Each structure stands twice: as C-alpha cells, then as structure tokens.
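For reference, the structure discussed in these notes is given below.
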Amino acid sequence: MSKVAHVSVTTEAISVAQLSTCVATPAAGAFVSFSGDVRDNDHGRAVASLEYEAHPSAQGILEKVCAEIVTRHDVEAVAVAHRHGPIAIGEAALVVCVSAKHRQSAFAACSELVDGVKLQIPIWKHQVFTDGTDEWVNCA
Amino acid sequence: MSKVAHVSVTTEAISVAQLSTCVATPAAGAFVSFSGDVRDNDHGRAVASLEYEAHPSAQGILEKVCAEIVTRHDVEAVAVAHRHGPIAIGEAALVVCVSAKHRQSAFAACSELVDGVKLQIPIWKHQVFTDGTDEWVNCA
Amino acid sequence: MAVTVRLFAAARSAAGTSQVQCSTGTLREILQELTDSFPAISQVLPQCSFLVNEVSCKDLDAVLLDESMLDVLPPFAGG
Amino acid sequence: MAVTVRLFAAARSAAGTSQVQCSTGTLREILQELTDSFPAISQVLPQCSFLVNEVSCKDLDAVLLDESMLDVLPPFAGG
C-alpha cells in the first residue's frame, strides 16, 4: 500500500467511514480522523445553502500536500477527500484519515494535513444566508 | 446534550462509527476521532492474543477525565469508550470522538483526552506472544 | 493575438462570466482590461493570485503571449 | 481483625489469587505479609499504587483497620 492511500476531489458524498477503510492496516495501532462538516451558521448568521467550487488543479495540489505530509511524519497511511458542488448542511466537505503505529504521529499528521489542505487547495466556498444575502468566504 | 455525551467501559465491541453519532450536532463543524486498535506486534514481537482488565473504578475515572477536558476546551461534545476483556487483533480498545465549532479545539481536546485516559484509567493489558511467552504491559 | 482568461468563484460572480478573451500584454495590462470591462471585479482582483499557463505568476510585469491562459484565483476557502 | 486485599493484573498473576485476607496493621506491614505469602509478588509491588477503601494511599505508615479494603494496582496500561 502506498502511504498516500486515497486522494479525491469529488462531487460525491464523503465520510470517515468510507475513508477509514483506505488507511486500515494491521501494522497501525492509532487511527485519527477529521471531518469538516457544513454548518448551519457562520459568524452568527443562518446559512440556507452552500456550494464549493474547485479549480481543475485541486486534485493534483491535494496529492502534493499528501505526498509532503507522509515524508515528514511516521505514518502508515493517509487518505483525503474534498467534496465540491452543492453540499447539504451537516454533510462533510473535507475528510482526512491517518493511520500510524503511534498516536502522536497520527494526530500531528492529521492536523497538519487539514491545515495544509485549507491553505493550499484551490477551492472556494459560496454561502447563501437565510436572509437572502450571499458571500464568497474569505473574499470580503 | 451534556458536553460529555457518552462514557463507557465495556466488554462489547466499540467503534468510531458508533461513538461519532453521540457527538453529532448541527452547531459543530469539526469532528475529530481517535481509535486505538490492538496491533499484531509489540516491540517487534508477534502478538497472538490479548486481554484488558479493568478496575471497578474505571468508569468513574473516565467520567472525571472527560468532565475535566470539556471545561478546558471549547468543544460541543466528547464521547469515549474503553473496551476490556479479550480483544481480537485489529479491533478497537479505545475510541474517542470530539465535536467542536473549530478544528483546533477538536484536535486538542481529542489528543489530550487520549493522553488523559492512558495516564489515569485503571486498566491493564495482558499480551500473549506467538512464542508462548506473555507479559503485563508497563510491568517489566 | 489573445489571452484566454478564466475567472473563478468571486471573480466569476463579479464579471458575470467564467471566461473572456483579453489582448496580449503584461499581467498588469490584462488586469486593467478586465477592470475596464467589469468594474465590479476591481473589488476582487487585489485579493487574487494568478496562474499563467497553470504556473503561479506574481510578477505584474510578466508578458503574456498569444494563446496564453490566465487563471484568476480569489482567496481559497477549502475545508 | 482482617484487611481484604484485592490483587489486580500482574499482582494477581504473581500471587495466583485475586483476593486474600491479611492482618490489620500499617500498609508496610501488609505488603510484607503479601511478600511472605507470595514471593513472586515482590517483583510487582514496588511498581504498584494502592487504594485503601477506594481512596489513593501513598503513605506506607498508614494504618489499615479491621474490615478495610486494600487494592493493589500495578502500573496502568489502558488505551
């Protein structure tokens, strides 16, 4: 198994349950996962709907971010999925799963991978609020 | 929902899938989970079977560890389960799930909760190796 | 003699279109042409990063030749 | 006049029993009695912590009265 077990930028639903199977290995004792789910509010405003837009390079960038992480941490495997298109409240936009022999490596790699994705992946988020206004997040 | 959504010391099988439902809430956008699974080797020796033993106070101690964590981190909910009795290779011994508005709090609370459990919970681990020898872990 | 400009997210919303043709020239000149065509995009451009033929370009004086592709990327908000 | 001693994990394995009665006395005296009865437990006791009536006790000179319960806890290995 390659240490980068799964990377996808997809319009399909994603979940920890699904990705965790990608990183399962008898050699690992520690599994850490992150799910970033779409919230029903942002800065105190009620969100009616939202949509992510992905640049065509997003898949390749995500692969690079993963490849870099596995060189810096003693992990068995990482798996990442970022969803785009419309996403319902409560569904996952980003899922990261990491397996490692020891928990410290698993936590560090998972946390840094989430940070790396947020910083580097060319994906945008458009929110429509219940009052009818809308915004592109981070683009004030 | 109490912030300590679920605490159990149990002989039943435990999983992230099961515990993550306990911490789900629309207010949370970040879900971090840890699963500590029984490995097929330890210090390079092949493990044939293993068993955890719990002191009667383990449940109460685990509740205290959780109650302390939720006062120190901005989380929506935590859920923890520690299994005891015989556990098959690859099955989970400890599962922790945390939901929070923001990922930093979720990662910090989950990681500290795992550390707190390992340090404070009166549970012991007995390993039998494939060469017929056995050991109580941490009890050289 | 044209550069294909692809507009994403907030930049596309401001322009009302996802792709336009601009004249060849420096990146600075092309961004000025975009602003002239779509005044609302002036709010977004200062926050954007740029790809020229899929490679990051931070030099406003870089010259884009015929058939180049310029991608206008507003601040990312993945995760 | 007896103290109930509960032995867990490696301490139980070493003694070959999970519960014994000891004479009342100081914690130090009771641990000596355990060692006399079960020589193999001497490897484990130095690493153990103790509960007296479910409360942590670190004082070897503490006196355990009749009907007290002493729990012998080897180093934890949960998680």
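When the chains are written out, they are named A, B, C and D in that same order, and each has its own residue count from 1.
We adopt the following convention: a contact is a pair of C-beta atoms (placed from the backbone, for glycine too) under 8 Å apart; a residue touches a chain by one contact, two chains touch by 3 or more.
In this text the structure is predicted, and so the values were computed from the model without any measurement.
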item: Chains in simultaneous contact with chain B and chain C; value: A
item: Interchain centroid distance [CA atoms averaged], chain B/chain D, Å; value: 27
item: Where chain A and chain B are represented by their mean Cα positions, the distance between them in whole Å; value: 24
item: CA centroid of chain A to CA centroid of chain D, Å; value: 50
item: Contacts with 2+ other chains: residues of chain B; value: 36, 114
item: Touch relationships between chains, expressed as pairs; value: A-B, A-C, B-D
item: Contacting residues of chain C [partner chain A, same complex]; value: 8-10, 13, 44, 47, 51, 54, 71, 73-79
item: Interfacial residue positions of chain A with respect to chain B in the complex; value: 16-17, 20, 24, 26-41, 89-90, 101, 103, 106-107, 110-111, 114
item: Residues of chain A that touch chain C when the two form their complex; value: 36, 52-53, 55, 57-58, 82, 93-94, 114, 117-126, 136-139
